[in-house]
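Okay, handing you the structure first.
Chain IDs A, B, C and D follow the sequence of writing; residue 1 opens each chain.
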Amino acid sequence: MNFISDNTAGASAPVMAAIAAANDGAAAAYGTDIWTQRVERLFAELFEHEVSVFLVTSGTAANALALACLTRPWGAVLTHQESHVADDECGAPEFFGDGAKLIGLPGTGNKITPESVTKVLARMREGALHQVQPQAVSIAQATECGLVYRPDEVRALKQAAEPRGLKLHMDGARFANALVTLGCSPAEITWKAGVDVLSFGGTKNGAWAAEAVVFFDQALAAEMKWRRKRAGHTLSKGRLIGAQFEGLLAGGHWLALARHANAMASRLSEAVARGGSVRLAWPCEANTAFLVLDAATQERLKAAGVGYHAWSDTALPDDAALASGDIVGRFVMSFATRSEDVEQLISLLNAPSR
Amino acid sequence: MNFISDNTAGASAPVMAAIAAANDGAAAAYGTDIWTQRVERLFAELFEHEVSVFLVTSGTAANALALACLTRPWGAVLTHQESHVADDECGAPEFFGDGAKLIGLPGTGNKITPESVTKVLARMREGALHQVQPQAVSIAQATECGLVYRPDEVRALKQAAEPRGLKLHMDGARFANALVTLGCSPAEITWKAGVDVLSFGGTKNGAWAAEAVVFFDQALAAEMKWRRKRAGHTLSKGRLIGAQFEGLLAGGHWLALARHANAMASRLSEAVARGGSVRLAWPCEANTAFLVLDAATQERLKAAGVGYHAWSDTALPDDAALASGDIVGRFVMSFATRSEDVEQLISLLNAPSR
Amino acid sequence: MNFISDNTAGASAPVMAAIAAANDGAAAAYGTDIWTQRVERLFAELFEHEVSVFLVTSGTAANALALACLTRPWGAVLTHQESHVADDECGAPEFFGDGAKLIGLPGTGNKITPESVTKVLARMREGALHQVQPQAVSIAQATECGLVYRPDEVRALKQAAEPRGLKLHMDGARFANALVTLGCSPAEITWKAGVDVLSFGGTKNGAWAAEAVVFFDQALAAEMKWRRKRAGHTLSKGRLIGAQFEGLLAGGHWLALARHANAMASRLSEAVARGGSVRLAWPCEANTAFLVLDAATQERLKAAGVGYHAWSDTALPDDAALASGDIVGRFVMSFATRSEDVEQLISLLNAPSR
Amino acid sequence: MNFISDNTAGASAPVMAAIAAANDGAAAAYGTDIWTQRVERLFAELFEHEVSVFLVTSGTAANALALACLTRPWGAVLTHQESHVADDECGAPEFFGDGAKLIGLPGTGNKITPESVTKVLARMREGALHQVQPQAVSIAQATECGLVYRPDEVRALKQAAEPRGLKLHMDGARFANALVTLGCSPAEITWKAGVDVLSFGGTKNGAWAAEAVVFFDQALAAEMKWRRKRAGHTLSKGRLIGAQFEGLLAGGHWLALARHANAMASRLSEAVARGGSVRLAWPCEANTAFLVLDAATQERLKAAGVGYHAWSDTALPDDAALASGDIVGRFVMSFATRSEDVEQLISLLNAPSR
């Protein structure tokens, strides 16, 4: 049983079918093909807003390119201190941003608050010579800890940042999972709440390698075509990504996939909440459950060959420190997670400890 | 009829089949999957040499990452002044190399000579403080003009560069096409001739998006994993690229594809060599023919809807300047080029001018 | 009265005399002159160690060049979250390091501890793909808060960092002030305690613009000449900096200057410790006193035209929060600070509040 | 006798006096001092135009910062292939420009022509995805070969570049020498002829280390303060540079210094023009003479201990190739060059060969 990540699965059948369907005849290169063009229109419809869209093959590329469009080399991005962009992309934002800086904010479950944005902005004077200039806020939806920002929370962050002119980026590697939880429209949780640029993730949600940088503020995209090209992220056979997104977006397939993953995570978290030896580290709001595991449970899982990640405990609430021997385990559900595997995992977790 | 590029086709059927076959079950992420691992072994066998292999999705990424491993930010790469890395990648080598410099050398048909390497090295003193330091030579095999370096030509370039410690990079976006022309082994035209790093192209030869950076000098690859990651080129579902290469390499499929493309180009170039109004700009040695087209021929092709690129005339031999109204047209053949289209093109080209 | 910084004064008379003495006849350019060469030998004698020395005109340049020699673009420097390199150089270390990252550690009075180094290293796995690689620790001696590391404290930091191969950089913009306080030899607080590279400050201590990057681990300096040159920091008339250092170092002049500045700060801090309305924010260990000022005192100073900096209160000990209306004021003494000004300041500070 | 460069002398007496005069009392730091402010006004008067001025200590810094303000990382600067920015600054423009590219143009005596600008622009399509975008032209006044652009030549370059929106930068490391030759006003050879940004050199003309980036198009300077700061080129004791410029500019001292240097060069070039074994490689128009020296003359100079640079012969006119054994020698005159040394050099050069 593999709950290590939602990137261990391949592509969903409709995505594969869309690729196969696109593999016919000659097409214009470098993203000028009709699949890519259709996808751009699909995104505009989906978000009820004119958008500039740039397709790439990795979430790291999407995030780093997006942030580079929002910052100058002496600029700074405010983000959670353990966010994916800050801690899991090996310095990609700094590379693409020619040295721009990420400033880490605290926050339980990897969510940041308007208060922490306000506080750091107060410390960094506008136009000051000696300090880097804050120019963007980046939040993950859902966060690395599986929590989801509500529209009013996003709006409050934007309001804290906007007086100083900061732009708002949303890392939506798991945007579909968050959206399913929220039950709102894509527009409500993005541009209507103040998001300027979204990294819209397809890979973790059933594509092979398909991410879209979606600019709601299209002026910010003015130089993106050169940024993407010189980063090697403008595929010559661009329809490969366009087709994946067509497969995902057609008929709400992407939401169905996310709904399944979220349901699997809900089933797990509800089951353990009723159980004994295991507790949720923080609420499970999307497709990932974080469980506090004692030593005996860790042993049982190991013996059963269950794959999961041991996670940082930094994001725990201040009053929920780990007992000795305990760890936080991350269990990620994907579109391909099988119900029977989740049930078996629940049995293992809720088994009486010796 | 579309002869614009060998990137206008999709993927070959065996490549698609290999992707489909790989889409089963969970796999380790970020290039640690078994498809990628198998491909690494395949490359070692193919080249009869231990190699370090890094798979990426674009030729620009492959070249820029490779060159970054060979140079320091104050280093310089000697390359043809109109090579792909110098003129068609929007500054990607400079970006990945943190400002490293490309120094353009002249040469007919985009081939550089040992003499030009020696000359520029003489002008740049070793260890000098004020000048960037030459650290690599990069050649394209085949060149942007469709010419092929012979093993002794490659060796002569390495011998000109080696006394100063320069490494040799080969941009093999069309490596298969060159190899088919040469008829030698992959080893003979690479490490045996002095190549340290090869960008092995799959995309133009029947893959969707599959390029491999192959290090024969494995010490040069020491930091490549971080370079690739922070450039956003480490796919989470890495088996997508691994599978494409499995499809290409199995049973010599890649060579069969290149053989077809080259045969189409040979047919065209031989036909026009016997014809009237059209001449070859320079020999056709791989899958691309460059033809000098007079105004009437340009008109005929336009009327027939034939797609091709008008090309720079800088690479023409000194004694072969264009007549007024003439242009150089590039006609690229791919694995998917149909014989009947080539025959129709020949008819159009050889039609008597009014 | 100006206590804003130790960079508001000009140069000491012996430094000016040394410049004038050097202004005679032709000299070799770009740091190959005899003044610079003599200074390099002086540093070797001073530190009782072979050193590689590179002279520059600003502390920001010295620090950023030094750190760039210790890190790769995907590397990280552990430093206090409000250190000068992290917070006052507008991203220079990130620029010179081609995107290398500074990771901020907490600590009272801007001193970091071995425990915080160990903790962050535990969180960043060695050789991990997704995270930047910790490669250096940077400490300021004295810190921005005027505190001084003892040799055993430096050694403990190195011991925490060394198992992972991190190098140790000391930002010695106020090295002379720290050394006077410590009373040890320059060797004891640098290479004998584990420092690999020192930014030796001259500017704040009586020079116009003279800083030296001193490599105790000379292998780390291998590429420094190119880094400095391409940053525009290799002066053509290099003797300008060489002469300043000759003036400073001759006859222990630099220590005499620092001794005066420290004495002025001691006088102030001792006087307020006995006084009423004012308290030290933390101990005064070098040439800078940080005082907690109530509103009435702020008024008095303002009325008297006293120049000082309002400082961040982040570095206060946890149990020493400010009362409402209070601020932390920074009062910096330099070689040029006049005793009578300090006495007048003391009178103002200790005046009975209304 | 040392004719190696105009950077081997120290500072002129008035410059030293100005520094001494500025060394009194406290001053605001980081370029906000009154000396710097006065100098900014002096430049505005000198050029009869509102200007934004940024003082730095090296020509490399001035040029690299100026060019970084004119280009994006995927931008290109057209400049002579052996200009100082292209060939003598170890990649500083690429570093400061985050990878921006310098494209080398040919030209006798290091002067470029409108025709060569037009030709390269024709080859680089506007807005093209795959190529870097030409954004600036950089010329040296005087050139590295001692030639001077006339106002109409500068204007013609701007006219060739302007339709594509390129900005014009002038590297004026020897601006004073050029101006003395031209006899026009500073305005006529700069903004009136189309120059947007000037690197105004003080160092080679009698200062220690004083260069000014002068923006005639002030909008281009919007971000310069951060660029300079994070490059470590914002001196804390900024009056050091301000005072040098006050010393230089007061009473036309800078022009007197340049007039002397030019006169020395004229005397030499006129004398050898009448002599025997030596000829001018190209006209001497400023303070540097380039002489073709046969082997016997080289021997005589060596025996007499005459210092000069052997120079590249690339800049020779096409019909003036060197005879075997001949070299081009560069002889640079400065404000400090003594008349008797020049006379002795002339005697040596014009001595009958054995």
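Criterion: contacts are C-beta pairs under 8 Å (C-beta built on N, C-alpha and C of every residue); 3 or more make two chains touch, one makes a residue touch a chain.
This one's a predicted model, so the numbers in the text were calculated from it and none came from an experiment.
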Far-end chain from subunit C, centres as C-alpha averages: B
A-B or A-D - the one linked by more C-beta pairs in contact: A-B
Inter-centroid spacing, subunit D versus subunit A (mean Cα positions, whole Å): 52
Length of the line joining the C-alpha centres of subunit B and subunit D, rounded to whole Å: 41
Distance between the centres, which are taken as Cα means, of subunit B and subunit A, whole angstrom: 35
Overlap residues in subunit A, where contacts from two or more other chains coincide: 73-74, 89-91, 95, 98-99, 129-130, 226, 229-230, 234
Parts of subunit C lying in touch with subunit A, wherever the complex brings them together: 73-74, 87-91, 94-95, 97-102, 104, 123, 129-132, 312, 314
Touching residues (chain side subunit A, partner subunit B) in the complex: 2, 4-5, 7-11, 16, 19-20, 22-29, 56-62, 64-65, 89-92, 95-96, 203-204, 208-209, 226, 229-237, 239-240, 336
In the complex with subunit D, residue positions of subunit A that touch it: 30, 72-74, 98-99, 129-130, 133, 223, 225-227, 229-230, 234
